[in-house]
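Naming follows writing order (A, B and C), and every chain is counted from residue 1.
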Amino acid sequence: MIDFLNSTSVAPEFVGADAAGDTIGLCIPNVDPELLEKMHVKKHYSVIGIVSDRTGGGPQLFSMDEGIKSTNTEVIDVEWTNDTKGGGGQGCMIVIGGYDPSDVREAIKVTFENLHHYFGDVYGNAAGYVELQYTARAAGCLTEALGAEEGKAFGIINACPAAIGIVMADTALKTAGVNIISVATPSHNGSPSNEGTLTISGESGAVRQAVIAARERGLELLGQMGDKPANDYPSYIQ
Amino acid sequence: MIDFLNSTSVAPEFVGADAAGDTIGLCIPNVDPELLEKMHVKKHYSVIGIVSDRTGGGPQLFSMDEGIKSTNTEVIDVEWTNDTKGGGGQGCMIVIGGYDPSDVREAIKVTFENLHHYFGDVYGNAAGYVELQYTARAAGCLTEALGAEEGKAFGIINACPAAIGIVMADTALKTAGVNIISVATPSHNGSPSNEGTLTISGESGAVRQAVIAARERGLELLGQMGDKPANDYPSYIQ
Amino acid sequence: MIDFLNSTSVAPEFVGADAAGDTIGLCIPNVDPELLEKMHVKKHYSVIGIVSDRTGGGPQLFSMDEGIKSTNTEVIDVEWTNDTKGGGGQGCMIVIGGYDPSDVREAIKVTFENLHHYFGDVYGNAAGYVELQYTARAAGCLTEALGAEEGKAFGIINACPAAIGIVMADTALKTAGVNIISVATPSHNGSPSNEGTLTISGESGAVRQAVIAARERGLELLGQMGDKPANDYPSYIQ
C-alpha cells in the first residue's frame, strides 16, 4: 500500500484515547452544518465532542458525568451499539455540545481522567462479566443517558449472561429500600445485548448498600461459570 | 482488589452451569414483586427459574422442553440476544415459573442433563456453523419460544452465514412433505443475527428426513469455506 | 460422529467462497416456491443467487455491483446482520434473481473476482477499522442496497468506533462539494453496529477527493488507538 499515513501527525480533532474499553475522545470545533442536521442530537451546538468506545457504557457515562459537572457543556446524544468486540454487552457513543472548544476538550479530558476509576467495578471471566456503578450525585450525562435524577444518588447493577443480572437485581431490591428506575433484559433493552440490568436511585447509603450486595451475589454466580471474575482496575465502591 | 468473593460459597439461587454454550441455570424462590412486574413475563409466578446462555438457543430450548415435560412448570418468557461471544448467532434467556422451588430446580436440572445431547447436531468451523434440532413431540417450551405445535414433531434447520441456511431450507422442503412454521433471515428475525433458519412441523418421519437431508447439504457448503465442520458432542439425529 | 459428510462432494448450489470476509456465493436454480414466498424479496424469480458473509458489506456490495452490470440479473434483497465475528460492524446477505442459472452464477463469479479489489481500502487494527469505497458509476446493487443514484459517482466513508466515522464525514464534507445520501450512527442504522457512516454522491472527482481526505483523517485517528491500521489487499482509491 501507499504510505499515506504519516504516523507522526495527529488529527486536530484528537483529544485522547485509552485501551480501557477501546475508548476515543474527539472534538469537532466547527462541525459541518449539514452533517449536524443529519445527526440525532437534541440541540445544535457548533462545537461538538464525541466519546466513542468498543466495550462498555457505564464507565464512559459515569466518567463523562464528571466532565459535564466541571465544564460548561451538555450531553446532546447517547447511542448504544451491539459491539463489545465479541462480548455480550454494548458499546456506546456520547455526543456533547459546547460554545467553546476548550470547554469541550476539557470535558473529554476529565472523562479520560476518570475512566479507570469507573472501570474498577467491572469484573469478568471467559463466561461473562459483572458491572457495578455508583454515584452519590448524578449530573447531566447520567440523566440524559440513563434517566438518573439530577443531584440524587444513582446506581447500576449489570451482568452477562443476563440471568445473573436478574438475580443481582432481586438481591439488591431485597437488601435496601431503593427506587427502580429501569429493568432491562435482552429483548427489552436499547439493543439485544446479553445483559440483565437494574438502575436505581434513592438515599445514597441505600443505593450503595444495594449495589454492594448485588456485587457479592453476581461474583459468586459468575464464578460458578469459570475462573474467579477479575477487575482490571481497583474497585471504587466500598 | 478487596477479596469480597468467597470462592467456597455458592449463592442460594444457583442450580447449575455448563461450558456448553456458557449456560447457567438459576432459581429465585420468592422473586421481588416489583422486579417481576417490570420483567416481561406472560404470567406471574412467585417462583421463577432462568436458563441463560452466551451461545445457542436451540440446544437450551430443546433441553428445557424436556424439563417442562417432566415437571409442573411453565415457560413464561423467552428472549434473544445478539451475542454468541463473537459468533454469528444468538444467545437466549428462558424464564420459567412454578409454584414450588423444587419443581423449578428440577426442570433446570433436566435441562442440563439434556444439554450435551441437543448440542450434538451443532457443527462448526472458523467460517460459521450448521445446527439441526428434531423432536418427535414438542412441548410447552418449543411452542412458546418457536411456535411448535404441542405434541407434534418439530425440527429446526439453521446455519451461519445465512445463505447456507437458505439452501438447506430449500433442500429440506424438496426432500419431504413438511409444513413451514417460519423462515428467518438476518433482517427478518428476532435480532439481526447472521442466520438463515427454517422451522418445520409434520409427520415425524418426514420432519426427520428433511432435517437429515438439510444437514448433509449444510455440511457440504460450510466445508467449502474452511475445515470440515465438527460437533462437540455425538450427533443424535439418525 | 457418523461420517455423513463426504468431503469430496460439492453441493450443486455452490458457486464460490473466499476467506476475505468469510464470503460464500450460492445459486438455487429452481427455488422452492413456498420458501421464496416467505423470504422478503422484492420480485419473484425462479433462479436466485445469494452472496452471504460474516464480515463486511461494502466490499461485497461494490463487487456485486460489477456482477449486476455484466449480467442479466437484479438485486432483489439486501439484509444486514450484527455479526462480523466479533468486530464492530455488520455482515450482509445479498439476494439476486435471474431467468437463467448461468447468468446468476456469472454474477456471483464476477463478485468474487472483484472482492479483493474492494477490500483494498478496508484498514484495521485491534481497536477498530476504517473503510472507504468509491465508484465512478453506481449500478443496481448500490442503488438497491444503499440508495446510490444509478450511473452516478458514489462513495462510502465508514469507521469503527463510530466517532471516527463522524470526524471523517466532517472532513469529507469540508473537502469537496458532494451530496449527502445518508449519515448513519449506532442507533440510527440498519442494525446497532459501532459505526459512523457517510454515503455521498456527486461529480466523480469531488467524491473521490472527499473519500481520500476522509481516509487520511480516519487512519490518523484510528492509529492513535493502537497499531498503524493495515489493509489486507492493495488500496484501489488513488
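We adopt the following convention: contacts are C-beta pairs under 8 Å (C-beta built on N, C-alpha and C of every residue); 3 or more make two chains touch, one makes a residue touch a chain.
Composition by chain, UniProt nomenclature: A, B, C = Propanediol utilization microcompartment protein PduB.
Because the structure is a prediction, the values reported are computed rather than measured.
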item: Chain A onto chain C, rotation angle from CA fit, given as a multiple of 5 degrees; value: 120
item: Interface residue identity across copies chain A, chain B - same or different by half; value: different
item: Centroid spacing, where centroids are CA-atom means, of chain A and chain B in whole angstrom; value: 31
item: Residue numbers of chain C (touch at least two other chains); value: 82, 85-86, 191
item: Touch list for chain B against partner chain C, complex; value: 82, 85-88, 126-128, 160-164, 166-167, 169-170, 173-174, 180, 182-183, 185-188, 191-194, 196, 198, 215-217, 219-221, 223-226, 228-231, 234-235, 238
item: Interface residues, chain A side, partner chain C - complex; value: 1-2, 4-7, 9-11, 13-14, 17, 19, 22-26, 28, 31-32, 34-35, 38-40, 50-54, 79-83, 85-86, 90-93, 190-191
